[in-house]
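Note that subunit A is present in both complexes that follow, paired respectively with subunit B and with subunit C.
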Partner chain A sequence: MNIDNYTWRDELREAISDLTPGTALCVLFLVAVIVIGALAPVIAPYGEGEILTNNSFEPPSTMMWLGSDYLGRDVLSRLIYGVRITLFLALVITFLSFLAGVSLGFLAAAFGGWVDNWISRLNDAMLSFPALMLALIVINSLGSSLVVLVFTVAFIDMTRVFRVARALAVNVMVMDYVEAAVVRGEGKAWIVWHEVLPNVLTPLAAEFGIRFTYAILFVSALSFLGLGVQPPQSDLGVMVKENLQAILYGEYTTLYPAIGIALIAISMNVFVDWLLQRSSAELPDEI
Partner chain B sequence: MADSLLKVRNLEVSARGRKGREFSIVDNISFDVQKGEVIALIGESGSGKTTISLACLGYSRPGCHITGGSVLLDGISLLEQPLPKLQELRGKDITYVAQSAAASFNGAMTINDQVIEMPVITGSATRQDALSKATRLYKELELPDPENIGKRYPHQVSGGQLQRLMAAMAMISDPRLLILDEPTTALDVTTQIEVLHAFKTLIQNHNASAIYVTHDLSLVAQVADHILVLKDGKMVEYGATEQIISVPRNDYTRELMAATHLMPEEFHAPPLVTAQEPPLLDVRNVSAGYGPKHEFIALRGIDLTVKSGETVGVIGESGSGKTTLGRVISGLMNAAKGGVFLNGQRLANHVDRRSRDELRQIQFAFQMADVALNPRQRVNKILSRPIMFYHGLRRSEATREVARLLERVDLPSSFAWRFPPELSGGQRQRVNLARALAARPSLIICDEITSALDTIVAQQILDLLESLQDDLGLSYMFITHDIATVTRISDRIAVMRHGEIVAQGLVDEVLTQDCHEYTQLLLNSVPEMRTDWLDEAVTRRRKLIAALS
Partner chain C sequence: MSLLEILGKRLILGAATLLFVSVLVFLGTEILPGDVAHAILGQGATPELVQQIRERLGLNEPLHMRYLVWLGNFLSGDFGTSLANGADIGTEIARRSKNTIILASCTAVIAVPLSVLLGLAAAVKPGGMVDRAISSTSLALISFPDFLVAVVLVTVFAVELRWLPAIASIRPSYDLLDWIRVLILPVTGLTFTILAHMVRMTRSAVLNVLASPAIEMALLKGVPRRRLLLRHALPNALGPIINVVALNLAYLISGVVVIETLFNFPGLGRYMVEAVTNRDVPIVQTCAMIFCSFYVLLNMTADILSIVANPRVRYKK
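Coming up: the complex of A and B.
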């Protein structure tokens, strides 16, 4: 009986049928953005740093659909490359922060006692620093590079992920089925992997979405302040900053990346909300 | 029948599933409640009894709606009243006592404030009048210190008292109809009869009518005039209490009668005395407590033995330490003093330091199968893990073994591919047992495994336990608060109170006429199938309590 295959497809089909029109739109947008980011070199009409005209802030034309930026580069092409690097950074950062945060959170929950106490109090200490200030200090002192940026933001995010992961795991650790595994003589690793993880996967996935959004905003904010992605590369945050003067000339150049950031963040949030709502609806509705 | 207080005719309620499917949960129910009469709705969980009682308030739970029929209170159709009119009726003419008083009281307000809330906000009585009436009701309900108990907060009184205070809240506005939804189910067995008695007296004194919802036929026989037996939302039998309990006409009613918590006619035959074989499990002088230094004592000097192939029942109320004893034996909790011996070998205090074979021999079956089985693991995984863990079988062999196990507990082998939430309560409890069996243990500690189940299902589980014992020579330690159940399947019993064993031995030795007062108290709480039992039981109970303290 090939049961695994059957339920996977079944579940996916059911999930798609559960989508509301608004959520479906957001999911479509996210998929489109990811595809655009992945295929940027193929899709973008021009290169990232290619200077096409001597005029700054040219209005949209058939040659440059969204006009030119302050150096006369194609805004659309830079936007596509910007989406690529923004998504890539956010993904790597969120992935790293989850790897560290969830591991530590489960460790604290599984062992409890002084292990839990030490990890949690250290984490609380880290949490007490304002995130943006901490990032500014670290990046300023270590020098601005993509590696430093990724690890700094991932570390800061990890402290947030840790709290969520620990709280979720602690709730599961007190369930009778975990106790049953303890009486059987199972080790901590088995319990965490087979008993705890499957039960916290949905809320963690939702948290991943939220953290992903925050990572985009955070990196964009750092780039805007000049500490994130360095020229000639650019992410959406850099583009907002570069083209600020366009407002003076009555052009919308700086708004395109800003709208991009906003739309990605909102779509992600709507999708995550739907995910959470759906997983709570699956619980038995006994009163 | 013109003067009946409440008339329910052809009531139909249906619910909407997640995919928008409609399914009927209450189908064509009709009954009358006369003035001053108590009618009982009885059935298993899912039989629609609570839904019907709520419909008598003109209410349906979210997701449910009343699709047909009528509910008339003194000629007023409750289902057609606008909400403001209904709200006026609910609280004044019809009141409701919920199953769990602890969950229904607001912990931040004093009891008095909550009891008198209704008459005061509707303006039907001044605060002063309402308070003095509340005190009268407290006195009537035989609550201690009726003058002052209302000044306390809900957490400062016991569960049984809180349930009675909730009845006071319901009676304060002199309702014509009182709806009681399983008001004693959450209480300890010995408190239960006291509360039931208080309810009965109260209803009689005020000549109120009541609808009493319960799953326990023997209890309801004490208070109800008429009984309506429900199954799957349909009426099975409706008649006077005497008729239902003496000559039930329907097969289902007879089945319910057979499964009630009555004392068995005769006890389990004592096992044949075998030669001086060392006991399988020997608990010697064990003390244990909670807190880092065991400062909150839960067990004091426990001595207990379980022989091979024998069932030992451990009985006690909540807080008596019976579950703690199970946890100490299985190694989930450290003993402060004493030791646990398996086949004469001393077991390490904690699970971590016991060998895999020692762990295999003692299995633990948890009370609530719905939280004891991981909802995200298929039955196959739940059952094959102990097989692979203890016996080192490969996955394919384990899967075949799972099919055999499922068959052994009378479940179809296709259930292996289901998740626990897709099973009923009784089926889950069978899987729970199968998991214990998968280890091929010598002893299974059963912690209240039948108490969350409906009576008929619980009976089936007990039958299963017996047949497993006959086939596999298992020993059971059966932890429960229900003395009637335990005497039915045990060879020997131990009675626990305040962390100590007050009596133990063969069933007929412990349950004699002149046994320990506490054992008598427990025995006294087992209902008997006659309508005049309650008053006698309450009188006896008070004598015993006086003797105990």
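Coming up: the complex of A and C.
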């Protein structure tokens, strides 16, 4: 194949032909979920907070495919809106944590010495805190709002992203071609942008997937505890909490959002696994 | 450097970490002192009343003095009283931590041997049927939110079959049999929250060791597979496995909080969540300190055990 004409289109075509059936299914599911989330107001049969019946936990019917929730709202519509908020929050959180974590990680790796030492020590100190405790303490002082939620979880995630980004970048910084660039007189910024970043892109993409999954699970857990997204807004975690009672009425309302979270997370993990295996890239040993 | 020196250094580092954690817990919860007074008074907050409360709680003292007083009280076991109802926090903590310790240790006793065995079984023949079954199941389990397995368990065993209680309230009159009935579902749910991570990490730790030249040597010598695993690989993998176990017991913290809330179990986790909801600062501080100390101690124990288990760690750095 002619290298000059090798565009991202060819790359994409090749990647698609590499998909195993299982992975293809997961990717398809992820795409579907993202489309559903993005188009929620168009797709959802009813409004998010629309009360349609006076009966809690009505069984599924032609009018409401998944029945009604504890306030008589349509479960399917709320599920669609819940997916939207959950994905949106996870995306913003992961994006922010990567912006900060990768910048700091590359900074530490590029400069080394006391800069690296200080940032890494501080980061290690933050890691001595269990994630949930950190979140609970912040929410206790600031109250729970979407902004607090996003920045708290993004901060916690950043400490993890930093370690991975730094470890990856340090490995590249000792390569001969970086030394050559230094000898040529290139600046730190040029080296990070042109040498380090392209070489760590695949493992970083995989890490993005892992962090995205983690953000979904973490926000859902907080919402489940009643400390994340606050009603009347609702993500999937809030829906699980709200409808726990349904089990006692013999309805599975609370299982739908819980299984939804699990399916999104599983698909993402399978996709990341495939990505790592295909490029035979490896994430540094971090948890 | 002698082993003793390394251990001493690690202990000092652990103590420093604990101190840092206490500063952060204190700052994180006290950074908005106005809110504490307002939180107590709610709607009826007049400037005079706020001033009175601040006086009573010592909020007018400088920050570092308050920190020292707080730390001193905490270390001497005086946790103060709840802002919400004035109850003594120490008594409540004593009662609830007993329940949480029972829940967590039952889970650890089941989850640790089970996951180490499963991890070993998967590592025996990487890519084989057993490995693929265990690896893909654990990959799926990792993606489950902490509450999913527990909710399914409740649906099946408490609601459909009516074998076990859906709510794990504890009465003083409970004998051993009642305790077991109450604990089965929470313990199973909690086990699933830590099992998958532990299985996956044990597997990769053992595979790492199996890739070492020493194992290749043993293989070439003609050591049978079973003996190779148990006599040659396992002792070398012990350090990493201990690390894995300790790290994952730390996952118990978030698991305990979610599972206790789900089952209405009267433990420390639910106590803390309720306190955060009510902004009951002294309770949040105390619970956070207990959970964080547990976490720091666990990490320290893991490091120390792997130093003791593997003398080569001594020569690193």
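Methods note: the second predicted complex is superposed on the first by the 274 of 287 C-alpha atoms of A that agree within 3 Å, B and C clash if a C-alpha of one lies under 4 Å from a C-alpha of the other, contacts with A are read in each partner's own complex, and residues count from 1 in each chain.
Operating definition for what follows: contacts are C-beta pairs under 8 Å (C-beta built on N, C-alpha and C of every residue); 3 or more make two chains touch, one makes a residue touch a chain.
Keep in mind that what you see is a predicted model, and the values were worked out from it rather than measured.
> Between subunit B and subunit C, point out the one touching more subunit A residues.
Subunit A has more residues touched by C than by the other partner.
> When the two structures are overlaid on chain A, which partner does A:Tyr177 contact: first (subunit B), second (subunit C), both, or neither?
A:Tyr177 sits against subunit B, while subunit C stays out of touch.
> For A:Val240, using the defined touch cut-off, is the partner it touches subunit B, subunit C, both, or neither? Pick first, second, both or neither.
second
> Name the contact category of A:Phe95: first (subunit B only), second (subunit C only), both, or neither.
So A:Phe95 meets neither subunit B nor subunit C here.
> Based on the superposed arrangement, let me know which partner A:Phe29 touches: subunit B (first), subunit C (second), both, or neither?
neither
> A:Tyr46 contacts which: subunit B (first), subunit C (second), both, neither?
neither
> Once the two structures are fitted together, what part of subunit A is touched by subunit B and by subunit C alike?
Subunit A residues touching both partners: 287.
> Quick check on the complex: what are the subunit C residues that touch subunit A?
Contacts found on subunit C: 17, 20-21, 24-25, 28-29, 31-32, 35, 139-140, 142-148, 151-152, 154-155, 158-159, 166, 201, 247, 250, 253-254, 257-258, 261-262, 272-273, 275-277, 279, 281, 284, 288, 291-292, 295-296, 299.
> Which part of subunit A faces subunit C closely enough to touch in the complex?
125, 128-134, 136-143, 213, 217, 220-221, 224-227, 237, 240, 244, 247-248, 250, 252, 254-255, 258-259, 261-262, 265-266, 268-270, 273, 287
> Okay, in this complex, where on subunit B does subunit A touch?
Listed in rising order, the residues of subunit B that touch subunit A are 18, 61, 63, 330-332, 351, 354, 356, 359, 363-364, 366-368, 371-377, 381, 385-386, 389-390, 417, 421, 435, 439.
> State the interface residues of subunit A toward subunit B in the complex, per the touch definition above.
Touching subunit B from subunit A are residues 1, 3, 175-177, 179-180, 182-186, 194-195, 198-199, 201, 281, 284-285, 287.
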